[in-house]
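Sharing a structure here in structure tokens format.
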Amino acid sequence: MIRVGVVGGTGYTGVELLRLLLPHPEVEVALVSSRAEAGQRIDEIFPNLRGHTDLCFSLPDTNTLRQLDAVFFATPHGVAMEMAPALLAAGTRVIDLSADFRLSDPSVYQHWYGLAHQCPELLSKAAYGLPELFGPEIARSSLIANPGCYPTAVTLGLAPLLMAGWADSEGLIADCKSGASGAGRSARISLLLTESGDNVAAYGVSGHRHRPEIEETLGRLAGQPIQLQFTPHLMPMIRGIHATLYARLRSPRSNEELQSLFQECYGPEPFVDLLPFGSHPSTRSVRGANICRLAIHQPRPGQVLVLAVIDNLVKGAAGQAIQNLNHSFGLPITAGLEQIALLP
Amino acid sequence: MIRVGVVGGTGYTGVELLRLLLPHPEVEVALVSSRAEAGQRIDEIFPNLRGHTDLCFSLPDTNTLRQLDAVFFATPHGVAMEMAPALLAAGTRVIDLSADFRLSDPSVYQHWYGLAHQCPELLSKAAYGLPELFGPEIARSSLIANPGCYPTAVTLGLAPLLMAGWADSEGLIADCKSGASGAGRSARISLLLTESGDNVAAYGVSGHRHRPEIEETLGRLAGQPIQLQFTPHLMPMIRGIHATLYARLRSPRSNEELQSLFQECYGPEPFVDLLPFGSHPSTRSVRGANICRLAIHQPRPGQVLVLAVIDNLVKGAAGQAIQNLNHSFGLPITAGLEQIALLP
Amino acid sequence: MIRVGVVGGTGYTGVELLRLLLPHPEVEVALVSSRAEAGQRIDEIFPNLRGHTDLCFSLPDTNTLRQLDAVFFATPHGVAMEMAPALLAAGTRVIDLSADFRLSDPSVYQHWYGLAHQCPELLSKAAYGLPELFGPEIARSSLIANPGCYPTAVTLGLAPLLMAGWADSEGLIADCKSGASGAGRSARISLLLTESGDNVAAYGVSGHRHRPEIEETLGRLAGQPIQLQFTPHLMPMIRGIHATLYARLRSPRSNEELQSLFQECYGPEPFVDLLPFGSHPSTRSVRGANICRLAIHQPRPGQVLVLAVIDNLVKGAAGQAIQNLNHSFGLPITAGLEQIALLP
Amino acid sequence: MIRVGVVGGTGYTGVELLRLLLPHPEVEVALVSSRAEAGQRIDEIFPNLRGHTDLCFSLPDTNTLRQLDAVFFATPHGVAMEMAPALLAAGTRVIDLSADFRLSDPSVYQHWYGLAHQCPELLSKAAYGLPELFGPEIARSSLIANPGCYPTAVTLGLAPLLMAGWADSEGLIADCKSGASGAGRSARISLLLTESGDNVAAYGVSGHRHRPEIEETLGRLAGQPIQLQFTPHLMPMIRGIHATLYARLRSPRSNEELQSLFQECYGPEPFVDLLPFGSHPSTRSVRGANICRLAIHQPRPGQVLVLAVIDNLVKGAAGQAIQNLNHSFGLPITAGLEQIALLP
């Protein structure tokens, strides 16, 4: 059994990690920390866990954590970079669900997150935790930067086109729709049911933290800088991201060629599901499941749309983190991740 | 024109008062106060009001307020009782949407609201602002305690049975379902879309502030103490209260007798709509409108159910407050209150 | 492996059976039938199942079905009673999720469901599939009538009080709130998002098919006829039932006595979770999980409320059916049913 | 008083027309027709209208209709073109909320709507009912084609850029999100709360009827053909359209220039509200109100986004139809259309 800890267990990625880790056949959850709730039973805050764990939240303590095999950080930005060096030094692997190790350039991190990076020397050692695209790096590294929810959907949807050099590297558009759980479990008026229910609005149109993350990753895959307009919208739903992706082809490609390109890229992957050409995936078809469903359209020659859906808390966060854990420790990649989506 | 002010304009009852008062043909909104937002344009916080007002929030100031004809308090409990005496002394009428003047006994107020009452001598002078039942008192008083949202639905639904002495005064049950706007515009985790969306739960089952209010009002109407079990539930919707009311008859009554009793009680009232016997009113049939729709059932002889629906922000708060204003100033009772509910 | 079939796989109980049966460690799903969709891949209708099954819908055929160990009927009322006799004669066990075998009196069945019963002689042989209360009968019978969703929540909530003789057998009230999936996957205007979204309404207040079912079961447990007012409401949510149950005590009982009574009744049961006295369970704490969470209140001496929540499609239908399968075949009762509820 | 009729009053545009027309100070609703519901009281189907009308649905009859001043068609496609010629010949003005007169080319109509046009000679006489852009034509014509809901939002959002020749006529993208009421009041499984609640999906990505309508209108305004990718999505909400519009500038323009362009175009219009540059309008800010709110962004030089929100049933259908009526009859343009949006 792999003994793991979760630092910062009171948010939605925390409870989702526990929903998936507690029944994981190869994992033992040794501790879950929370400064604010230390001493309280976890299932008092998250009643869905009643009967599945007797753990209480503990204080985060580096000495205890570094005795574990792996630690997940489900914390606000800035915490993981404080604690990771000591854990890594002790041989504990770190899977960070925050943004601390996602961007390779510390000045970009500081620009978007408002914090000076505490261990910039680790940035080049961190693997970007999108196993379908960066599997070898993840296998080699003991520090995994779990991607953001939007970047997961956008990157999986556009990567094949850019890796093949088929799409223009400019003029890419990601018009994304997210459920409210993407904004976390924080008491903000704008996230009240009365404010975000029965309502749709865009936000961060002129700039959002996930844009540089996507541009860096896709640029690496493309072998050249890419330019993306990223437009997030808040939807009146709880879970789910729908990414509507627009790209222009450099030269004509048939629908069959496009479908084959994606088929070859993701064919054997258990967690990327390519729908028949011209399909319309729905977010509810992935609710609660660690999967990205993709469909391709070419409404006019040269104009390609990719529709990508994920559950932002699973393939967009906790599920992908566990996929990274499985990958890192050589477990079957689907261990603990075979949940079927909840429909309806 | 009647010049009015709104104290505490940043909550949902505040914005709803403005939605209804700004187009009111006999009213001029002279000021809207907010300590927190003083100086800011109202329509920056509530964009639905863009184009309908250029007012900014002002600081609440008794000297200014007492030059108005009437002042609405859309404040948390405790504010109105501080400011009302000075306004009343200056001849300004006060319509309080908080609970400060709803209960006649200051010790009951202190028990449920945790505050010592600041002007208990005014309690006996306040009229309970349910115009269908207390019209003469409202006409005589310059201090009107606007009822709570639940009490409006429950009292209108049970009053005819109790006034006629047909229902047992014990064993009454009000199983109530409310949209989230009833909890106000406050940043609480339990009110997030992610927490209260796609979810139903009861709260305050063992005791809720609206129970003593209902029991006092219904007891006055019944001429004897009554005993009510009040069970509120939070629904995954924005507006609306559905009160499912259970009473036992003291002696047999036919369905026609029951229907006639309610018909006689509310027949001419423009804001209480009695549906055909055995109907099932829906909250959306009153969304945005100042109306209570009622329907009666008698599934087994002697067991009566009354189903009552209101929009908690209109007939349950702001609309009723304006109905009280109209009544108090001798305006047509429907002035400014003829909105048709939004369906779908 | 137990080989099972699902007759009528295109409704919500059908897809939910498949979500739970496909990963069940002791079960093989041999066939899923649908007259309307025969020949079509199941995962084309239910995309959440993509990657989990390659089955197509087949025509329901008794000759094929009776070669299976067990058959689930997820059909409209009237189908199971046509096919069950042949299957039972062949030794195939039948678990019927429709109402065909829930009521012992065929005339009551005919009154509420409008069909003459086709095999009334089987009614006395059917076990009522609420394993927490009727385990021995279920173990003995090869015909199991899976309870309705509302009856599951109401019966589990009231049974301890009635079995102990503590509650009055009259004056019981079940005020129930259900998500829209309880009404099935049928194209009706009243179930559109535009009609039932952001809306609450009661229905069937004067009589609903689940009332006689509940009254029969509770009457058996009480040892005398009981009388219940059952009031269902449609909520703007997808899954979940919240039953708010009202009973009067025959003689005074302390809160501790009440809690102990339920604790003794359900203590060892893995799928009934008794919360601390005075709690407020939420439907989302059971979404997707085969569990009923209960909490008891006594707001005034002698007046007891039990709050019961289930997922209507799991513990209220498909999950319970599998629990019955496990019980019937002597499998571990939790086999295939250990999903943790999805929160948020 | 202008005497009007509504043909096809049982859909959502029908009930919305009645919500707005019944209190309209210059209009008398003389009849509302429905083949299916003839003889039934309107308020039995739409209980929000109780107390506001005693009308019953009548059979649609040309002889009666042509005695009216104006007739609204809130019918499925194909009805208005059958009845319009007789009405126009009698001097009755026709405002058609269906698509029958929106496209100038009957072969395009036939391609997208599957019907041969019955009166192609009238197409050139119909005015496109977007009063902010085609006011003079509307004033001259007695046949007004009320725009589709999506085309209203998209056209108002892109028109200024195209009329000024600032935007490329190719590469335009309209990524649109609509509430479910846009699909009408029809019993389809895909529109159930259980299917479209808590879910987001695109539809018609490779081709939707509103694309040729938008392209024709914008092409006329641009003075040259334009090419648009139109991507509609269904949102889990009842009302509202959010159009996220992408255009590329032909030459650099400052943010101030962009804002001024729109300001000059729509400045005096009461029903187009330009927000400060860089704002994020929300659909709930227009719920129930006849207004389009717009905001402009330029995240990177040359890439312009316009965010446009409307209530699809008001500015996107019934409200705009009444605006056309007002315009056509020389009434104050805001008559009957001054409702403030319902928030929350």
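When the chains are written out, they are named A, B, C and D in that same order, and each has its own residue count from 1.
The working rule: contacts are C-beta pairs under 8 Å (C-beta built on N, C-alpha and C of every residue); 3 or more make two chains touch, one makes a residue touch a chain.
A quick note: this is a predicted structure, and the numbers were derived from the prediction, not measured.
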item: Chain separated most widely from subunit B, comparing mean CA positions; value: A
item: Contact-richer chain pair [B-C vs A-B]; value: B-C
item: Whole-Å gap between the CA centroids of subunit A and subunit C; value: 36
item: Length of the line joining the C-alpha centres of subunit A and subunit B, rounded to whole Å; value: 46
item: Inter-chain centre distance, subunit B versus subunit C - centres from mean C-alpha coordinates, in Å; value: 39
item: Junction residues of subunit D, two or more chains touched; value: 12, 179, 181, 185, 194-195, 197-198, 236-239, 281-282, 284, 287, 344
item: Subunit C residues touching subunit A - in the complex, by the definition given at the top; value: 12, 15, 19, 22-23, 46-52, 181, 185, 197-198, 238-239, 270, 273, 275, 281-282, 284-289, 291, 293, 338-344
item: Touch list for subunit B against partner subunit C, complex; value: 171, 173, 175, 177, 179, 194-195, 197-203, 205-207, 227, 229, 231, 233, 235-240, 242, 244, 246, 248, 278, 280-284, 287, 297-300, 303, 305, 307, 309, 344
item: Subunit A-touching residues of subunit B, taken from the complex the two chains share; value: 12, 179-181, 185-189, 191-198, 236-238
